[in-house]
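Structure below; questions to follow.
Naming follows writing order (A, B, C and D), and every chain is counted from residue 1.
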């Protein structure tokens, strides 16, 4: 039902989103993360993404399965870029289909939030002033 | 910034979603309504949409402008089908770009909810048992 | 500040959804002396047997929502708006 | 039920993000007698000068999250996971 892909080349969600189409699905919500030109007041030139593929796939699929278990959806999928991205590039794509729109929206939001919190992917921001920095969006609270 | 289109031919959001891309936009949320094969327990064969174009455009643009005023988004657009649709056809597309994902999700949800409530477009469900029925999603409370 | 109106204002009615089915036409020109849009709907309702009460409708004149107590004027394009169900 | 372990277990370390930058390599093979993954991180931290305290990391062994008190075994593939920032 659900699929996750890490890719070093530009994201093309066409075949993934086609796989979410089912006769019983009346709503489809998707989210795309794009590289934007600013972060916390600093001008940004681009982003570098690293991922730990084996564990990223396990965790991302766990997130998608959780979404399918918690919400009344038909299917959910995710694609995440790695490598060096410039302004406007798509960093992540998520698509969710459901009978009704409420579950599609809620599950799509859940997936992007959990992906950002749990999946071993890291982002380095390259700033206009020449320096760059690994971003820590998530503070670890449990040490398991 | 915002654009609305009523179309009698299959929805292709490509150029509309491309127009939502801006260097300052880091998140993009979209919603698609698809014709599904069931409604309130009845098997559905398809949907017919009628619209009152002049007023639909005015109201839809008002909804999009309200979304831009209420939420911290970059731009929002909507396309709605009219005519006779079969299972799987896209009936409506909404796209919203924003600096951050929270506003993109919230505004996209606001737009589809308001479109369904306010814009003079009507849906007739064609059922497997042969009868068909105009659907009233919205009860009018104010009489202005 | 009522303007003088011709004896029988000519109106264009456009129908959608169940109103169109019940009227049996998408559009018609009529002459009516109905003093309000509300009275106009009652008049048309009797003629076409509309099943929706006015309380469930809104009304638009010349592509803008209008109050039910507004007087129809010669040349007006009037649309009664059944509960919408787009999306 | 501890298995007998060779004197010096051989471990593969893979680094990501700031740990990779500080280690100066993406991967290395080492021999270590560290009794826990926690002790292993301390050992590597001293060698590479890692700036992240273990409290901000998680650790994975053979592509699954593992508890810090787990003993590294010969052949293990160990990854310390800095705070993630995908999306």
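Observations, loosely collected:
Going forward, a contact is a pair of C-beta atoms (placed from the backbone, for glycine too) under 8 Å apart; a residue touches a chain by one contact, two chains touch by 3 or more.
All values reported here derive from a predicted model rather than from experimental measurement.
Common neighbours of chain B and chain D (chains touching each): A.
Once chain B is removed from consideration, the other chains connect through touching into the groups A, D | C.
Centre-to-centre, using mean CA coordinates, chain B is 26 Å away from chain C.
Chain A and chain C have Cα centroids lying 50 Å from one another. Annotation: 24 Å between the Cα-based centres of chain A and chain B. Within chain C, no positions touching two or more other chains are listed. Within chain A, the positions touching two or more other chains are listed as 33, 112. Taken together, the chains touch in the following pairs: A-B, A-D, B-C. For chain B in complex with chain C, the residues that touch the partner chain are 33, 49-52, 54-56, 58, 80, 91-92, 112, 115-124, 134-140, 143-144. Interface residues of chain B, counted against chain A in their complex, comprise 21, 23-38, 87-88, 97, 99, 101, 104-105, 108-109, 112. Across the interface of their complex, chain B is touched by residues 14, 16-18, 20-21, 54-58, 60, 63-65, 67-68, 79, 81-87 of chain C.
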